[in-house]
Amino acid sequence: MNKNDFAKTPPMGWNSYDYYDTTVTEQEIKANADYMAKYLKEYGWEYVVVDIQWYVKNAGARRDEYQYLPFSDLAMDDYGRLLPAPNRFPSSADGSGFAHLAEYIHGLGLKFGIHIMRGIPRAAAHANLPICGGTARAMEAADPYSICGWNPDMYGVKNNAAGQQYYDALIAMYADWGVDFIKCDDICDSWLYRGTPLAFSGWEEMRMLHEAIEKCGRPLVLSVSPGPAQLEQAWRYGAYANMWRMTDDFWDDWGCLENMFARCEQWQEHVKAGCYPDCDMLPLGMLGRGFGGERTCNFTRDEQKTMLTLWCMFRSPLMVGAELTKLDEDTRRLLTNRALLSLLGEGRRGRQLARTDAYAVWLNTGSEEEMTAVALFNLSKEPRKISLPVKELPGFAGENELCLLELWEEETAAVCQGVIEALVAPHGVKVFAVTEKRR
Amino acid sequence: MNKNDFAKTPPMGWNSYDYYDTTVTEQEIKANADYMAKYLKEYGWEYVVVDIQWYVKNAGARRDEYQYLPFSDLAMDDYGRLLPAPNRFPSSADGSGFAHLAEYIHGLGLKFGIHIMRGIPRAAAHANLPICGGTARAMEAADPYSICGWNPDMYGVKNNAAGQQYYDALIAMYADWGVDFIKCDDICDSWLYRGTPLAFSGWEEMRMLHEAIEKCGRPLVLSVSPGPAQLEQAWRYGAYANMWRMTDDFWDDWGCLENMFARCEQWQEHVKAGCYPDCDMLPLGMLGRGFGGERTCNFTRDEQKTMLTLWCMFRSPLMVGAELTKLDEDTRRLLTNRALLSLLGEGRRGRQLARTDAYAVWLNTGSEEEMTAVALFNLSKEPRKISLPVKELPGFAGENELCLLELWEEETAAVCQGVIEALVAPHGVKVFAVTEKRR
Amino acid sequence: MNKNDFAKTPPMGWNSYDYYDTTVTEQEIKANADYMAKYLKEYGWEYVVVDIQWYVKNAGARRDEYQYLPFSDLAMDDYGRLLPAPNRFPSSADGSGFAHLAEYIHGLGLKFGIHIMRGIPRAAAHANLPICGGTARAMEAADPYSICGWNPDMYGVKNNAAGQQYYDALIAMYADWGVDFIKCDDICDSWLYRGTPLAFSGWEEMRMLHEAIEKCGRPLVLSVSPGPAQLEQAWRYGAYANMWRMTDDFWDDWGCLENMFARCEQWQEHVKAGCYPDCDMLPLGMLGRGFGGERTCNFTRDEQKTMLTLWCMFRSPLMVGAELTKLDEDTRRLLTNRALLSLLGEGRRGRQLARTDAYAVWLNTGSEEEMTAVALFNLSKEPRKISLPVKELPGFAGENELCLLELWEEETAAVCQGVIEALVAPHGVKVFAVTEKRR
Amino acid sequence: MNKNDFAKTPPMGWNSYDYYDTTVTEQEIKANADYMAKYLKEYGWEYVVVDIQWYVKNAGARRDEYQYLPFSDLAMDDYGRLLPAPNRFPSSADGSGFAHLAEYIHGLGLKFGIHIMRGIPRAAAHANLPICGGTARAMEAADPYSICGWNPDMYGVKNNAAGQQYYDALIAMYADWGVDFIKCDDICDSWLYRGTPLAFSGWEEMRMLHEAIEKCGRPLVLSVSPGPAQLEQAWRYGAYANMWRMTDDFWDDWGCLENMFARCEQWQEHVKAGCYPDCDMLPLGMLGRGFGGERTCNFTRDEQKTMLTLWCMFRSPLMVGAELTKLDEDTRRLLTNRALLSLLGEGRRGRQLARTDAYAVWLNTGSEEEMTAVALFNLSKEPRKISLPVKELPGFAGENELCLLELWEEETAAVCQGVIEALVAPHGVKVFAVTEKRR
């Protein structure tokens, strides 16, 4: 198995976090999966991902004090592996974990993903549980100095035989359940850990998880969080993971989005088949119920298009954060723009042609017969005319006339010569398919 | 109670760490106390301190892998308070904690001290034990994000009512036992935590301990470790503690000792009654059994005198790290120099007059009728003539003749005029009692 | 000469910067001196200080682009010493520098101060001028890697014989002129230099200036800027300077003032005769003409009282930044509160008793027969009752009745017992002279 | 002109620094060029580069105190452009700069390069010289806050019209001289500037130089120094420069070489036609005369091979630092290994397959019909068997037999199957051309 074959194009799917926080239930997962199968699957959307703390029975309690309850009530098997909380995921009550839910989602023609925290439950370590199929016990796998800075559930796993046994047992169970995608948290990097001498075993654990996946025999896509990932470690992410977060949690405010242009600039050389620097979830539509109040996305429609265009030009994974069952018509249209989504296609490549505080220009190209796309982003608060000399477009002779098809408007702009130019709305984008005019 | 009255002069005593590491037993404590009572008490030595992990039954096991065993076997009462390991401290087998040992030491006319780690045992938190005399439980007092960077036993205590209840209960128990001195670790500061965003509750916990001591009704000297303490927080240490460590652990190598001159320079204004920046233990005589091999102090005799002289000129607490029962004659003489020890006396004050890479000069003064002492330290590897213009000595007229009595040699140096000067051995010191010659 | 005798109490005076920026003229200096002699002198105000770039002929030109013109037109003697720009200071046209102006100010019974930048003019170094009375030339004294981060006029002076010759010649000239006070800039410390490996010779230059002052035979008060001074270097400031800035430039916004409480907390142990951590100038009354527009102080009257009270309780130097000739009655009253100013008196001492985000309490004491003052500061935006248990006041028996005289209102508050308490306005202060009631 | 066409493969040449420091003369340059033409040109070596301070007449004076004399005697034209010191480069005495020397080198079929410092001479700024062909003067182009941390000659150039005029005039002059290659120093990045808030205009100046080169009409290769370049700025280097240094100055000690493996790991995705992360000069053969003593390279022969192999596998530029006229036979053979040098060829690509503290494995591939090379590096001090599973080699079926030709030994290793394996000397390398065995 070559992990780069598990995801030859950037994964597309839905994730429960932006709407449900820690509280999603089986019924809610199924409802979102149903929607995806019915309305989005044909456009390439396929992953349904249950995000953080599905193993906590009282998740969401005392939410004004804690996002993650300390010393909370976890569902766990006799080997220190966390299980779905049966009160929230009734189909797991028979001890089968997520197997029934995975089966349901597979039945819709979709794929099933789960979030996990790096490490082994602290409760398992203090109880010194045995490791399934292993010779060691939890106490030998757990590193009491390796904790997560924002979630109290786990200890890091040591880079030793006991630790590998634990991860092997864990991944084997997930493979049995039919899991297709693992988003592992507290393992990629974080501002929180920069300059911290406290032991951080994350990078070794990423490799250990990769090895466990290779052993399990099932193509399990590995997504690592949170960011910002370290550029200096790019090679490591590429060797062991399929996706890695370029940022801290992304939310729907312009500062985060503007900032993503700098990150895409830095990571653009690292996008390859099976290796995807990740712009994080798309906080669209209805959001935030678990965070204290349901609300709609704060981005303007122009900003939403800018976000989707950048993610596609760069070739980031696409994970929708909306509650799908409440998706409005307009947002759904954003997610089902075939021409734009085609930029994620196999063998394509995105790169930045220019960036200032006021604007950015990106290029996305494929093989010779495929579309060449140029995106003009307006990062300023005023409408702005943005232009690109055609001579900077590889493969185009500057003197020929070009046809420009805007992908959001789906209409042909005036034919141009020498320079591609457009008036772009504040925080907005124009993205063109560019072709030479045949005479 | 005013905590500054608990220790009107810098505490003097013995600590088990430098010889025993984590492994000292009741019998060994008593033997050292006996020695102190017999040979040192009359010079002002009085504290006998049991250092770290007296609550761990198998302390010292797997010492090549760990100084502090993770998930080790702790003695603990039903309220999450650690108890002396009964296999090591047999008199505690009746549930009386250190009461019998304290009584023994008090019977010798000495005082009894213990080391504690900041926080509440992780085991108590995961078992959610009740708090003695309190309304809350361990889970509410423990902060799962607040760990020590080098010892795995505890969680930090939250700055809330449950946390204060825990500390009140803890200190009340210690007062019951008859404890006179608490060395609290992981609470002062550490290089380890600089720049770390992981929650560090140490400063609040120092205040909470202080409040618990005020409530307990017993004058309990509070010593906080490890260092280096932060100069910016000097006011806080002075408000809540009696001693605070200026350095990371001090050991018998010249680099550590040389470095102490810079620290004393920085902290000199902060030495006051009940408030002592602490140079750390004196690693003299026999050391290191618990660290893998008994050995004698690595300092030369000149370096030992330099250390003791600096500690006394600066007015640091003095805690001997030697195994007292194996003390050689020469080292005992170092510890029983009455003239030198008198520099610690009430109302006296030390200050640095000069420092370069090659030498340092300190002054220690008392009231007008008391001794004025001047120490000339040679920080270099070569013998060096060091001099001080008399006009820089407050209270002395530069033109008069002075008598100089060297405190280690106990002999009068040649009378001098205008300048105090001496040839000092490499890493050595000359310390003079200075008086004007009467005609 | 002992530099600590130059200023036995914190210097009090006026400085041209806050109103004039770089542009003040001889006439304006005289007008302010006249005002001081007439209205303020009797309260202890005595220094008149000409601030930065008095040697620049076209100072203030292109002010929208530069505060300090690069490669500007400097007045300089043949030995590379800067002279007053004769177009701005006409009395210097005869080559006597500031001698005539100093004479004028001395004639008013006041003292004369000037601002200088650390170093030697870059123009002198590139022209390789000789050093007055020295054997070396400018090129050997100047360090081309030692520049100021915000002013382009100077190179740092090397710690070598040529450098000392330059500083000796410079200070000798100032002494000849009759200068009483030097505010040397770019020499204390600055955020700008933290973590910078570019050579920073400031600390050695501070010592070299001190030595030059000792040689010159005139008691020249040395004030060093900018801040924040480093606590770790406290001993050095105390050895070589009379005042050192605790902050970056202080201006009239609440954030700066609130922040000063933390700095006073840190530096309180370091206030001694001849050694004054400096809270910086008092930006009162009319300000800012040279900065682009004359304006009145932004502080509320309560904040102004808070500022003056803190400066006095702490015993900071007091340097008014207002244009004195435009001083309003109320502000003048602030500056002439005899009782408050008496807190600066010889032998007194200030210290912080408590501080939270919401309030601070300071104590200022003198000898037994002198006033004990307690200040209750409200750091919050709401009126707040602040109290202090009398038992925390050294020298007072908690059970006796106390009389409280508020120093701003000059009225006796109700007699109190056990606790001193007052309702304090937002950002305001109550400062009480406390005495025990005699029966 | 597209700057990526100036150097379609990594530049290969010789640089005067490692042997001559600041002191090289015209005669010495010619002698090295003659050698290159005679012995190395046919293998692809072509650039002859005059390194730092060719404009300083007394370069090398007071070498024990300074590498770069402050306020030294510079040759400069009336427009503030530095000229070759005529005492060292006699052919420039007619005012033609390096034109005659460039002509000589071109006559040998080679290319001519020079080192420059970012910025404009401080002497030009303080004299306020006019800018050639421009409307502005030096004072407007020079930034007095922008200095180099280790060389005192220049001020940075401002990002304004005057600054661009200066660079345009400078590059136009170099183009007139016939310069083919510019190594610009103090412009790439440096440890020295990390975290420094002092103005650093380097990145804008890199762009300004690029624009000046585009205007000058001559294909001038731009190499930027020193390193370590910032990964976050990779896009910028790629847009404006042809080569950028990944490290601080590289010298012949193992630590530097070992460290380069980590840097190559980080930069491997950024090697493209016209864009070369640069491992720095090859300190081989005779070195160091200008640094205080001629000496031979400190690397063992194995380490030398490791260095050359890594540079070639990674596709770094190759610049020899040796004095060529003293090159020994063995070292010349290292530099003329055609098979190894072919790894630099157009369209090839290097990447790391594995790295630990003990070993590293690199792959270098071209088009299908071209050589596939695998290098096994031993980073440890002991001989070590290093192996690579064939399945990790893209394009090879794991089960077929492979032929391995070692490129240094030029001999066929035993045919292998499934795994490529070799015993490698300490700090040494085996580099194999890998082909599938045809039956």
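Letters A, B, C and D name the chains as they come in the text, with residue numbers starting at 1 for each one.
Quick note on the criterion: a contact is a pair of C-beta atoms (placed from the backbone, for glycine too) under 8 Å apart; a residue touches a chain by one contact, two chains touch by 3 or more.
For clarity, every value in this text was computed on a predicted model and none was experimentally measured.
Under the contact definition, chain C and chain D share no contacting chain.
Each chain gets a centre from the mean of its Cα atoms; for chain B and chain D, those two points are 56 Å apart. Per-chain Cα centroids separate chain A from chain D by 40 Å.
Between the Cα centres of chain A and chain B there is a gap of 52 Å. In chain A, no residue touches at least two other chains. All chain pairs that touch, listed by label, are A-B, A-D, B-C, C-D. Contact residues on chain D toward chain A in their complex (touch as defined above): 231-232, 234-235, 265-266, 268-270, 352. Residues 70-71, 122-123, 125-126, 128, 139, 142-145, 147, 149-150, 152, 191-192, 195-198 of chain B are the ones touching chain A in the complex.
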